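As written, the chain order gives the labels A, B and C, with residue 1 at the start of each chain.
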Amino acid sequence: MNVWLDAILILIVILGLFIVASTRLGTMIHIFGLQSLFLGCVPFFLYAKEMELYIIFVCLAAMVLRGLIMPYFLFWAIRHVSVRSEVSPLIGTGTTLLLSGFAIAGAFLLASKLIFPVKIGSDMVIPSSFSLIIMGFLLLVGRNKAISQVIGYLVLENGIFLFAILLLKKMPLLVEMGILLDLFIAALVMGIVVNHISVEFNNTDTTQLTTLKD
Amino acid sequence: MLIFLVLFPLIVGGSVFILAEQKSRNRMLFFTAFLHTACVFSFWKFQPAFVLNGFLGLDALGLLVLSVVSVLFLMVSFYLMGYFKNESDVSHRIFIGFLLFFLSFMTLVTISRHFGLLLIGIEATTLSSVPLINFVKTRQSIEATWKFLMICLIGIALALLGTYFLAVAGFDNVQSLFIDKLLNHAKELSVPWLKISVIFLLIGCGTKMGLAPMHTWLPDAHSQAPSPISALLSGCLLNCAFLSILRVGQVCFAAGQTPFFSSMLILLGIISLGVAYVFILGQEDYKRMFAYSSVEHMGILAIGIGLGPIGIYGSLLHVINNAFTKGFAFLVTGNLYKQYKSKKVNDVRGVLREFPITGIFLLAAFLAVSAMPPFGTFISELLILYAALIGHHYLVAFFYCLFLALIFIGIADIILKMIQGQSVSSVIMSPRLKHSGVNCAKDLNVNKDPSPLGLRMKTRESLSMIMPILILIVIVLILGFYIPPFLDNDLHKAAGLLGG
Amino acid sequence: MTILLLLHLTILIFFPPLLLGFIGKTKAFFAGRIGPPLLQPYYDLYKLMRKASVYSVTTNWIFRAAPMVSLAAILSAGILMPIAAMKPPVQFWGDMILFVYLFALARFVIILAALDTGSSFEGMGASREATFGCLSEITMFLNLTILALLSRNLSLSEIFLGGLSSSWLLVGPVLILVVVSFFLILLVENSRIPVDDPETHLELTMIHEVMVLDHSGVDLAYILYGKAVKLFIFGTMLVSIIITFRTGDSLIDTAFFILEIIAFAVLIGIVESTMARLRLNKVSFLLFSAFIFSVFGFIVILVRGH
C-alpha cells in the first residue's frame, strides 16, 4: 500500500470538498488550480517503478494546462465581474457539502463493486475519481454563477482525468494529448462565453438566462 | 485522401480569417464545400485506404453519414450566399471560418476509426459551432449558446468516461480503442465494464444527439442560431452524434450484447417521441417546433436501431431522409425569418398568398417532416414500423404510431395556420386587435390591400435561397420512390455492420 | 503501579487549569501584552471556591446538582483516558462508549440547568449547545470508531497505548483526516474561538458561556474547572493520536507528555489569536466539514478492510 499516493488522493478529494464548500469565486479557482497540480503528481507515484518519458510529458502538460493556465484564464474571464461570490446558490453550501459526503461514500461503495482487471497501485484511485465527478456534478447543478459551473465542469474533468491516469499505459499519447487539448479549448470557449455573459448582463448569474423556455 | 478531406476545410477556414472581402469569402466557402462533396462522391466509386496507422478510415456507415454531411453542407453554403447578401459583414469572417472548421471536424467524426479520436472530433464540433450559434449576439442567443455549450460538454465528458470504461473492458486482451481491434476481440471484453461503458456512452452521445431527457439544449440552440446553422446542426451534427452511437452499437453487436443496447435505445427513443409531442403541441415559435421535430426524428432513429435488421436498414435510410428534410425545413424557416423578422407563429400568416414559393416550400417541409407519402421519410418510417410489427414489439409499435399521429396533428395545426389566411402585416399595425380573433378576421376582410409596412417587408427570394431548398426537396422526393442501387448496396453493408 | 496511578490522578486533577494559563499567555504574547500570570486560573478557582453561591428563586435542585454532576462526569471520563504511557485507573472492554457518553451527560445536565433558570437568554444558549452537540457527538464517536477499527479494540487504554503504533505507516492519510476532524470537534466542544469566545459574556452569538451565566461561587468554579479538565482530556487524546512513540520509561514519557500538551495549549492559543470568530451559521458548516472528514476516513478504512 502506497501511503504517499493515498495521501495525495485524499488531499485531492478534500480539495474538491473545499471547492464545493467555498462561495468565493477566487478561492474556488485557486483551490481548483491546486487540486490540478496534485492531480498531475499522481502518475509519478502510481508509476514510480515504471516511469516512461511520455507519462512525464502528459503529467507535466496536465499540470501546466490545468494547474496554471486555466486558473489564470478563469481570472481573466471574471476580471470585469464585481460580485465575486456565490450569493444565493440553488443548493446551499452546507447541503452540497453533506451531499458530497454521501457522494464519496457512494463512490467508494460503487468502486468496491467494480473490479479493475489488473492490480493498481492504490485501490483509492477509482473511488476518488468517481467522487470528483459527482462533486463536479453537484457544482454544476447547485450553483448559479456561470464561472462556478465552469469550475464544476473542470472538477468533473479532473475526475475523469484521474481515471484516465489508470489507462495511461494503454492509451496512445496522441489521444491523451488530444483530449487534454480539447479540454483546454473547451475551458477557453467557456471562458469567452462567460465573458460575453458578463458583458451582456453585467454579471455572470445564470439565473438571468431564463428567457428561453417552453 | 482522407487526411486531405479533414485538413483542406481546416486550412481554408484558417485562411478565410485573412481574406478581406466578403464576396471572396463566400466563394471560398462554396468552393471548399463543392470540392469536399466531389471528393466524397469519388469515394462511392473508389474506397479510400486506411491512413495514419488506421486512425482514419471509411466504412459503409461512415460513408453514408459523410455523404449526407457533405451534400447538406454544400447546399447550406450555396444558400448562405443569398442569406448574407443584405447584411453587413461584421463578424462574417469568424462565422465562415468556423463554419469550415465545423465541416472539417464533422468529417473527422465520420472517418475516425478510434474511439478517442471520435470523441475529440465530437467535442471539436461542439466547440466550433459555438460562434455559429452565437452569431447574432443577443441575450437570447448567448443564453442558448451557454446551454448548448454546458450540456454538450458535460455529455461529452460522460462519453469520455464511457470510452475509458470501454478501454478498461478490454484491458486484458484488446488494449486499444481502435474500433476494428475492439470488433475483432469483442467477445473477450469484460461484460460489466462494457455495459457501464455503453450506458455512459449512450448518455453522453445521446446528449449531443438530442435524445429526450438530455435534449434541453437542442430547442434553444436551434431556435437562436441563424437558420442555415440550424439546418446544419439538425441535419449534420445530430447525425454525427448518431454515428458515434452506432459505433458503440457495432461493438455491442460484436460482443453479443445487442439486446441490452437495443432496449436502452428503444426506451430513449420512445421518451424522445413523447417529449417532442408534448412540446410541439401549441408551440409558439416555429423554429422551436422544427427543433422538437428533430428530437422526434432522433427518437425514431434510435427506435429503428433497436428493432433488428429491417429497423436498422430503415433507420439508416431515415438518416438520409431526415437530414435532407430537416435541412430544407430549416432553410425555409430562414426564408420566413427574412421576410417576417419574427420567429413567432402568430406573426406569420398567409405565407402562400404573399410568398408563393416559400409557401409551397413550407408546405413541403411540413409534409416531409411529418412523413407524408410522396416523401422519402414516409418509406423509412414505414420500414421501422414494419420492423416493430414483425419483431412482435407491439407496445413499441403502438407508442410509435400514437406519438407520430399526435405530432402530425400538432405540426399541422401550426404550419397550416401559417400557410393559409391573409397576411398579418396589416394586423401588426393595430396590436390591440391582434389577439381578439373575431375582430381580427373582420379587420382582415375589410382591409384588403396590404399596408405600407407589408409592402416594405416584402422582398423577393433570391435564387440562391430557393435553389438549395428545391434540390433538397427533390432528393427527398426521389428517395420516396426510388432508392438507387449504389445507395441500397451501401445501406445493406452498413446495416450488416450493425447486425442487420 | 500504585505510584503511577497516583501520578495519573495528580496530573488529571491538578494540571488542567495550567493549560488555560498557557493559552492565556500565548494570546497575550500575540497581542503584545504581558498577560495574566500562568497560575491565574488557579487563583480564579480559589477565589470562586471561597465565595457563596446565589440561587434564583425560580430554580430547583437540578440547577444546584448540575455543576457537580457535570464535573463528576468529566472527571470519570478522565479516569478512563490513559495519560502519557500510564494505564488509566479504570479500564474495561468498551469503555470508549462510556467515555463519549460521560461527556454527553455533562453536557446534558448543564443544558438542563440552563433551561431550569427559565431565562430566555440561557434557553437560547442551551438550544445552540444541543444543536452543535448533536453534530459534534456523532463525529466524535465516528472518529473513535475509526481508531477502534485500526487498533481492533474498544478500550481507550488499548487504543492509545500501542494500538495505533503501526497505523501511521499503513494508513497515515486516514489518521490525518481523523486528527483534522478531531481538532475541529475539539474547538467546538470546548467552545474555543472560531466557534465561541470563552472570554466574553455579552455577545448574543456565544454558546457555552451563555448557559452558565446564572451560576456563581462554588458552582461556577466547578463548571470552569470541569471545562479545563475537558480541554485537557481532549488535548491528551489529540496528542496521543499524533504521537504514538513512547520510550517505555514512565517518568521520561510523562515529562515529554507535559511538553506535548503545553505545545497543544500554545497551538490553541495561536489559533485563537489568528482567527476571528465565525458567524453562528458557519459553525454548523465547520461541524459538517469535521463530520465529512471523519466519514471519509471511515469509508477508506472500511474499504481497506482493516
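The rule is short, and it goes like this: a contact is a pair of C-beta atoms (placed from the backbone, for glycine too) under 8 Å apart; a residue touches a chain by one contact, two chains touch by 3 or more.
Just so you know, these numbers come straight off a predicted model, no measurement behind them.
A.B. asks: Starting from the Cα centroid of subunit B, hunt down the chain whose centroid lies farthest away.
C.D. replies: When every chain centre is compared against subunit B, the largest gap points to C.
A.B. asks: Chain pair with the most contact pairs?
C.D. replies: Greatest count of contact pairs is found between chains A-B.
A.B. asks: Which chain's mean C-alpha position is nearest the mean C-alpha position of the whole protein set?
C.D. replies: When every chain is reduced to its C-alpha mean, the one closest to the whole-protein mean is A.
A.B. asks: For subunit B and subunit C, what's the span in angstrom between their mean Cα positions?
C.D. replies: It comes to 66 Å between the two C-alpha centres.
A.B. asks: Would you mind pulling out the distance in Å between where the CA atoms of subunit A average out and where those of subunit C do?
C.D. replies: 37
A.B. asks: Suppose each chain is reduced to the average of its Cα coordinates; what separation in Å results between subunit A and subunit B?
C.D. replies: 32
A.B. asks: Of all the residues in subunit B, which ones touch at least 2 other chains?
C.D. replies: none
A.B. asks: Which of the residues in subunit A end up touching subunit C in this complex?
C.D. replies: Residue list for subunit A touching subunit C: 1, 3, 6-7, 9-11, 13-14, 17, 21, 93-94, 97-98, 100-101, 104-105, 108, 111-112, 123-124, 127.
A.B. asks: For subunit C, which residues count as touching subunit A in their complex?
C.D. replies: Subunit C reaches subunit A through residues 169-174, 176-177, 284-285, 288-289, 291-293, 295-296, 299-300, 302-304.
A.B. asks: Could you please specify the touching residues of subunit B with respect to subunit A in the complex?
C.D. replies: That would be residues 55, 114, 116-117, 119-120, 123-124, 126-127, 130, 134, 137, 139-140, 142-147, 149-150, 153-154, 157, 160-161, 164, 167-168, 171-172, 175-177, 190, 192-193, 196, 219-220, 223-224, 279, 283, 288 of subunit B.
A.B. asks: Quick check on the complex: what are the subunit A residues that touch subunit B?
C.D. replies: My answer: residues 114, 116-118, 133, 140, 146, 149, 153, 156-157, 160, 163-164, 166-167, 170-172, 174-175, 178-179, 182, 185-186, 189-190, 193, 196-197, 200-201, 206, 209-212, 214.
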